[in-house]
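The same chain A turns up in both complexes below, where it pairs with chain B and then with chain C.
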Partner chain A sequence: MHEKDLTYDILKEIFNIGVGKAANMLSEIVGKKIILDIPNITILESKEDDEEIYKHFSALPQGALMVSSMKFGEKITGEANLLFPANKMRIFINLCIGQPEYMNEEDLNFTDMDFDIIREVGNIILNSIIGEIGNTLDISLKYTLPEVRLFNKSKFEIGLKDKEEFCILLLYISFIIDDVKIEGAVIINLTIDSLNELMKMTKDIEDDLYG
Partner chain B sequence: MIYMDRRLFQILDHINEGIIIIDEKLNIIYWNTQMEKLTNIKQEKAINRNLYERLPSLDRNYFRNAIDSVVKKDYKYFFSSSIHKGLITDSRKVNVRVNPFKIDNSRYVLIECIDVTSQALRIEQLKKFSNELYLLNKELKEKEKEIEKLAYYDQLTGLANRTLFYNMAEKFLEEAKRNNTKLGLMFIDIDQFKRINDKYGHKVGDQVVVEVANLLEKNTRKHDIVSRYGGDEFLILLPNIKHYNNYKIIASRIAIANRRVIVSDDIQIDISLSIGVSFYPRDGETIDDLIFKADKAMYCAKNRGGNECIHYITK
Partner chain C sequence: MKILIVDDSRFTQLTTAKLLKNQIGDVEIFFANDGEEGFKKYKEFNPDYVFVDLLMPNVSGQQLIKLIKEYDKDSNIFVISADVQKNVREEIESYGVIQFINKPFTDEKVKLVTKIIKGDTYA
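Here is the complex of A and B:
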């Protein structure tokens, strides 16, 4: 158990370095202090029973989700999804573009311009996370630009579970902009081989650290 | 230098978005006609020039870092026109996409500049329209509340009016019947009100009515309903009275309250009230029964000189 915890801690550290860079870039773009933090990560595999998987999904934000999805490929392939609760996105978008308060902050009607803002932010965060996986494995990856969609949470879960064999790296992420904290998650679908490779490299880092 | 068929470049000239291609050293190797339109910089003035020298608006720390990651790590970037104002030009709203590509081991960066000015304008108009609708809706809701207030509250005193009194009375009576509890009803009339009106005028009469309304509100319990029945008559619903005699506590609070109305430095009026009380179930089964009996008790008090609270007594 201890050994596993240590591996998770190293992985968490790797991702936090990535999102730290993303936060710096976003702070500069938006002109506001932005803090990104990954407090917790979990690995889910299709062989685990449904209850265990459900337990982790139920910890994700509730209600409608704003999901930015980015595919990556070459040596390892997969898809990364950044999830934020949709009802927090209006206030988030307004903070990003420095627009004064909109009448209805929980409004779920988003325009193309709103989606573009989420696409840009999602792109920067996901680049940084997947980029760190690439760095750790010392491989170069090809990325797509994210697609942004609104999902009902249950539909999103079904979509994920429909895949016969899956390996999911689940990162909880908190986004703080101007004292507003938004809790979200990053779900990365990886092949089992890619995940094993990542875990092996992390283990090597661990061995380097502790001899 | 990139080897590319000139015809390919010619095709890119017909694309409806601005295209810049730069090499690893950030030199511009292609600039299409749409870019000329967006920036007013001619192809021949752009090609072979450094990107930041030609478009100083791109020379921002984060953009340089982004281009660096595109070249070194194959990242792709998207910069939205809403966040990045004036990234390409000040006069248009432009989304920028940055993609890497490789030909014969040389790396290049493709910068696409998509003019979204008209979409942005349309969205702004829709937003403005939706904001207007939102405000209108809010205004209507406030008006609705106002209308409701007019329908259910007495304009002079702000107390419940007859309509609201009957609504509440029926509700309390049903509750009392269901839970086997007592419901009290007080009928209150201002003594000598006609004389006050005749002597000081209706304006002062209104002032007295308002003062009495405040006095009654202040000296009843939180869930009691004080209403203006008309003229100088008030009704109070007393739900959940434990013992019939408990009305006396409320009556004595009203009796000892300050009842001097100061109209001006010269005019001060000491008012007194005649109050009659009836109860469900002892005195009646319906609200009209209770009002009738409380009214009778009130007249009894009035006939005895006023300034008194009497409960209805079955003869």
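Here is the complex of A and C:
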């Protein structure tokens, strides 16, 4: 699918609305204004060569990554992952508990409460993005409980590429909160059937426009 | 007044409790980490209001609402959920909850809740 396609534009708009709502929710959590960059979407499939896939993943944040994940189904099945650099999450946690100076950003010894905060924030953001797809396409999605893990970037990439067949929707997002720029990504793994279903539904919206 | 907060996030439990205490003042708050514990504590403490998350382990919020409504059809339930889907909201609202509120729970939202609770109390 080419970026000039209307189907791509519709898909991008669905995600933009979801990310915009998520940013608004983040702003409510930390009580600060959030300046958001509008994300672009890349669709990657396992049939593409490694070099192409590597090129896209090379823009992921470096070092330790905090990854929040949720699986979803039924009409569309997949897993949504929210990735942020772990050190930036320390700043974010400090803001969530209303104590900006609580812990130094280099301190990556996360407590159970820290993980709980990130799990809950991931839950809110991913629900907002995935839920918007459900709302636009008028389908009900069921979620699993959110999980949070710390990954080294290279291990996370290997884990994704090890899967025999995959379709990935990759969205780079960046926002500025309290003068700190936080760059992350939303990676949505879909089954091939689900990607086809999603594209079909998006195409139906496009056809309706001309209907 | 007794309030039961059922949520698997300790962060959300504490934030919700703090906001409610700040607005309502004289309130006794109980916590449960999932629907199973929530139903047990509902029967034990008979709270005036329950705040229920939907996505929880063991017994989900949706199942908990059904259990509480079967046990006590006059129960007062607020839902606080990250789920933004219209279909989900409509289904949950059909169970007779007072209000479906999207997370995060904020000052503005707690004021709305307090208004409803005070309306109930003084009606």
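Structure notes:
Simple rule for what comes next: the second predicted complex is superposed on the first by the 193 of 211 C-alpha atoms of A that agree within 3 Å, B and C clash if a C-alpha of one lies under 4 Å from a C-alpha of the other, contacts with A are read in each partner's own complex, and residues count from 1 in each chain.
One rule holds in what follows: a contact is a pair of C-beta atoms (placed from the backbone, for glycine too) under 8 Å apart; a residue touches a chain by one contact, two chains touch by 3 or more.
Bear in mind that the values here come from a model prediction, so they are computed numbers and not experimental data.
In the model built by aligning both structures on chain A, chain B clashes with chain C. In the superposition on chain A, contact of A:Thr111 is made with chain B only, not with chain C.
When the two complexes are overlaid on their common chain A, residue A:Phe151 makes contact with neither chain B nor chain C. By the touch criterion defined above, A:Ser140 reaches both chain B and chain C. In the superposition on chain A, contact of A:Glu132 is made with chain C only, not with chain B. Once chain A of one complex is fitted onto chain A of the other, the partner contacts of A:Tyr8 are absent, as it touches neither chain B nor chain C. Looking at chain A, you'll find residues 25, 28-29, 96, 113, 116-117, 119-120, 123-124, 127, 131, 134, 140-141, 143, 145-146 touch chain B in one structure and chain C in the other. In the complex of the two chains, the chain B residues touching chain A come out as 60-62, 65-66, 69, 73-84, 95, 97, 116, 119-120, 123, 126-127, 130-131, 134-135, 138. Residue ranges on chain A touching chain B, taken from their complex, read 25, 28-30, 96-97, 102-104, 109, 111-114, 116-117, 119-120, 123-124, 127, 131, 134, 140-146. In the complex of the two chains, the chain C residues touching chain A come out as 8-12, 55-57, 82-88, 102-104, 106. Within the complex, the chain A residues that touch chain C are 21, 25, 28-29, 96, 113, 116-117, 119-120, 123-124, 127-128, 131-132, 134-135, 138-141, 143, 145-146.
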